[in-house]
Amino acid sequence: MNFQKFSLKLVNRSYKPLGTTIKIGDTSIGEGVFSIIAGPCAVESPEQIDLIASHVKKLNLRFLRGGAFKPRTSPYAFHGLEEQGLIWLRESANKYGLITVSEAVDLESLSLVSEYSDIIQIGSRNMYNSTLLKAAGSLRKPVLLKRGMSATINEWLMAAESIMVNGNESIFLCERGIRTFETTTRNTFDISAIPVIKKLSHLPIIADPSHSFGSGYGVSSISMGAMAAGADGLLIEIHPNPEAALSDGKQSLSLEEFTILVNRLHALKEPLNLRF
Amino acid sequence: MNFQKFSLKLVNRSYKPLGTTIKIGDTSIGEGVFSIIAGPCAVESPEQIDLIASHVKKLNLRFLRGGAFKPRTSPYAFHGLEEQGLIWLRESANKYGLITVSEAVDLESLSLVSEYSDIIQIGSRNMYNSTLLKAAGSLRKPVLLKRGMSATINEWLMAAESIMVNGNESIFLCERGIRTFETTTRNTFDISAIPVIKKLSHLPIIADPSHSFGSGYGVSSISMGAMAAGADGLLIEIHPNPEAALSDGKQSLSLEEFTILVNRLHALKEPLNLRF
Amino acid sequence: MNFQKFSLKLVNRSYKPLGTTIKIGDTSIGEGVFSIIAGPCAVESPEQIDLIASHVKKLNLRFLRGGAFKPRTSPYAFHGLEEQGLIWLRESANKYGLITVSEAVDLESLSLVSEYSDIIQIGSRNMYNSTLLKAAGSLRKPVLLKRGMSATINEWLMAAESIMVNGNESIFLCERGIRTFETTTRNTFDISAIPVIKKLSHLPIIADPSHSFGSGYGVSSISMGAMAAGADGLLIEIHPNPEAALSDGKQSLSLEEFTILVNRLHALKEPLNLRF
Amino acid sequence: MNFQKFSLKLVNRSYKPLGTTIKIGDTSIGEGVFSIIAGPCAVESPEQIDLIASHVKKLNLRFLRGGAFKPRTSPYAFHGLEEQGLIWLRESANKYGLITVSEAVDLESLSLVSEYSDIIQIGSRNMYNSTLLKAAGSLRKPVLLKRGMSATINEWLMAAESIMVNGNESIFLCERGIRTFETTTRNTFDISAIPVIKKLSHLPIIADPSHSFGSGYGVSSISMGAMAAGADGLLIEIHPNPEAALSDGKQSLSLEEFTILVNRLHALKEPLNLRF
């Protein structure tokens, strides 16, 4: 497979020199806006997601994430509440006027997620899933495309190209850490991907400090760093009770920790010339 | 995602201490047999696959591979002839009495591949595809499960567990190189995976020197090494005219080069106490 | 070599819970100060280093770096001006009241560097060089210890421990990127090392965006990110004419680019509660 | 540092198209010979090294390794018996007519090792140590040059070039595993380095299965694989009582295990057209 033969076209910066801005309701993602997307790894109950949604609203944030289909390596792990999770996510989002992000893992879940959620996430494990990318390309909803855990930046952009060539140009990328030899963190957050993507492509790029760091204690540091380095937003896992979370509790911030982080991020807005 | 919480069960060596032997027609894969699977990256025409199949037969080998669904990163690359490719593969295999291996990339292709092919390959890009793994688990055909390009051995075995727990115990693994910093080869063939898998699991493991090395000149060396290290077989790309191949030509062996390699492998059979 | 058997002692956060502050002349490195160290990869001529030193002074910065001993992989590459380079570096530093940083690569150069320079750098290629670490431990000058290009954080701290156990506690660490599969950047800047080191150790940590990114265009982004993530400073390559530099020109900032960056960094001081 | 600018010269295959053969006493390393070098990680006592040397002799092998200077990451680890270790190694080698290999870690130990040992090893941690490489280049003794733990093949050859350009052409390389994300083995043995080196260079290449695998159970498999893949020899750690070894016991073979491995390797000589 000779990638060199196949040059990137639609995702190139030259295709949209001013950058892509994705309009969603009364807000947007990209160029000059810093979008903080927060929520639990998995929707667990109507109470859990309502509590988180109200907290997100209280902080004047606009995006609520929540997984209903969890791609897990182990067949014995919790794989999400599926349609029920999507319904609860939607209800809480409607109640507080939030925009939702939820992940699709195959054609069946893509159909459901696109029915209930405002933004469709394609996760690391599916970045090479041509069938899913193609199907996402025919949707009229924005797609959050995570980098594969060992995907080169070129391959990642190729995956975005696969969506765009099928008609959907509302794509934003998410750096979530790559696999390296270092073991003190779950993955190595590749902050350099931010300036590289900004140079090569017009697509917005956000950062996922939770999955990359893998422990709550580093999430704030990576979030601040990504914002200052030029990211267009963050995808952060929060949970009212991280230790009791059904998945990824170790890396989730509590609501209190998240409030502190949002305040720290606010302080960077002016010097970085960004708005939330 | 705390993998540690979810221990491997069915794939453990202790589940089948003597190792898995997969019966296919009058031959088998595993324990004491060295299975050489050869063929083109992609089925291109009835003449191409017939020529290759006749060569495989002439060398007294039993397995013919040929891709009909090619998972490619670029949307502009050749993605295979789909059902037509499967039909031609089947016809050539029947003519020469060969067992076929072909890759499925999603539920739709899985249905077609399992209709036409004796063995279903799940490739690197789909090793984390839970939906596909689950569906392969309900089939009654052997599955060749490649390691993801940056999957740990534990995750790879988790993927096999996902197939087994759904009812299909005819699985064999294929090491195809992992992603590292070294750039003289496309991937780094992880020969250590052979003794590690033999210790941890009862599943047979074969080697794919073509995709790991990425150039024809190293295929023979890796093949010999893998056989001596204890692999149960090889998956090798061959093509009558590598330079004209529609995909992966650079790493394919010509039929003449392949003949020489098979003769070299034959010479190792006796000292290694293996039969073809 | 079982690293687990040998726990870290002197470098642990618990040894100095408030963190290490390294006093150098009338300034310091660590806790609340953000130290920008700039200069050429290699001292090339008295005019070159004087021009750079005057620019550093003009920006009210305090630290001047300049290599006189260049550890290069190729025996045919430029290896530095040795003692002559150190003399010119010292003269320029004295003229403008700057503190110098220069690298030692073996015992002989360590002796010379410690004679002329205020701070001694031990580079990536020598992070595992026990002989050099031990000798640096008996000096009374601060040591800037870079992370090896594929060193784990634990090994890096072990190297610092090797210096401390020999009597020198004035050490600060420098993250300079690790080796991964990604090829759009020379190395992958491991921003996560910043919160990890802050948690595990009391030693200050600075960032080298120049060597990690490997091209000038990403240096500003990584610098901003590292500062916001909690780094105690930066080590940046600058050159009056990057294209004519005898080494590392590709990644050096011009003096104009550097001025712009310093102004951007200034704007982050207040929200991050740091002083230069 | 632009490696591309500095092409390899003396180490290129074209410099010695027939390959390098290193004459040592009445034997040689390279082209058609398979050299098994065995011994303890560290010389511990005269009894220990004598016992091992007599076993090596009994198996009709010619090379005895034994470390006297151990480059260890931790300052608290056992760092070798230094000159005393070299003396005991020499005495045992003389008694049984064996050729010795021992590691030098700096100029001082290089001077001692070259006084006592027939072959000088430069280890992974020192592959980038230009000072040591240069000094080894002026010796008249063969040098065993290990690959750095994250060195590219090009950098490794550059290190060999640094020795050759200083006058010493008796160099053989040793692949000892590279650092990757996989954690079931200490390093990932890069078997592909064997055909790559054979294509690019005239220098012999041997394999170190002990340091790469990191546990005794995989050493036999990697050894067999490396031999069949075209390696010119092996460097294997053995110990009369692995569990009591002062260093690297976990990966050492017992004398009985080593005997079994040598017999298995013997069986491959004829089909591979090699002599011991």
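We just call them A, B, C and D in the order they show up, numbering each chain from 1.
The working rule: a contact is a pair of C-beta atoms (placed from the backbone, for glycine too) under 8 Å apart; a residue touches a chain by one contact, two chains touch by 3 or more.
Keep in mind the model is a prediction, meaning the values are calculated, not measured.
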Maximum centroid distance from chain A, chain identifier (CA atoms) = D
Pair joined by the larger number of C-beta contacts - C-D, A-C | A-C
Chain centre separation in whole Å, for chain C relative to chain B (CA means) = 48
Distance between the CA centroids of chain A and chain C (whole Å) is 34
Where chain C touches two or more other chains at once, the residues are 150, 179-181, 183
Report the residues of chain B in contact with chain C in the complex, numbered from low to high.
-> 150, 179-181, 183
Contact footprint of chain B on chain D as seen in their complex = 150, 152-154, 178, 180-185, 188-196, 198-199, 212-213, 217-218, 220-222, 224-230, 267-268, 270-272
Chain A-facing residues of chain B, complex | 1-3, 5-6, 71-77, 79, 105-108, 125-126, 128-134, 149-150, 155, 158-159, 161-162, 165-166, 179, 247-248, 250
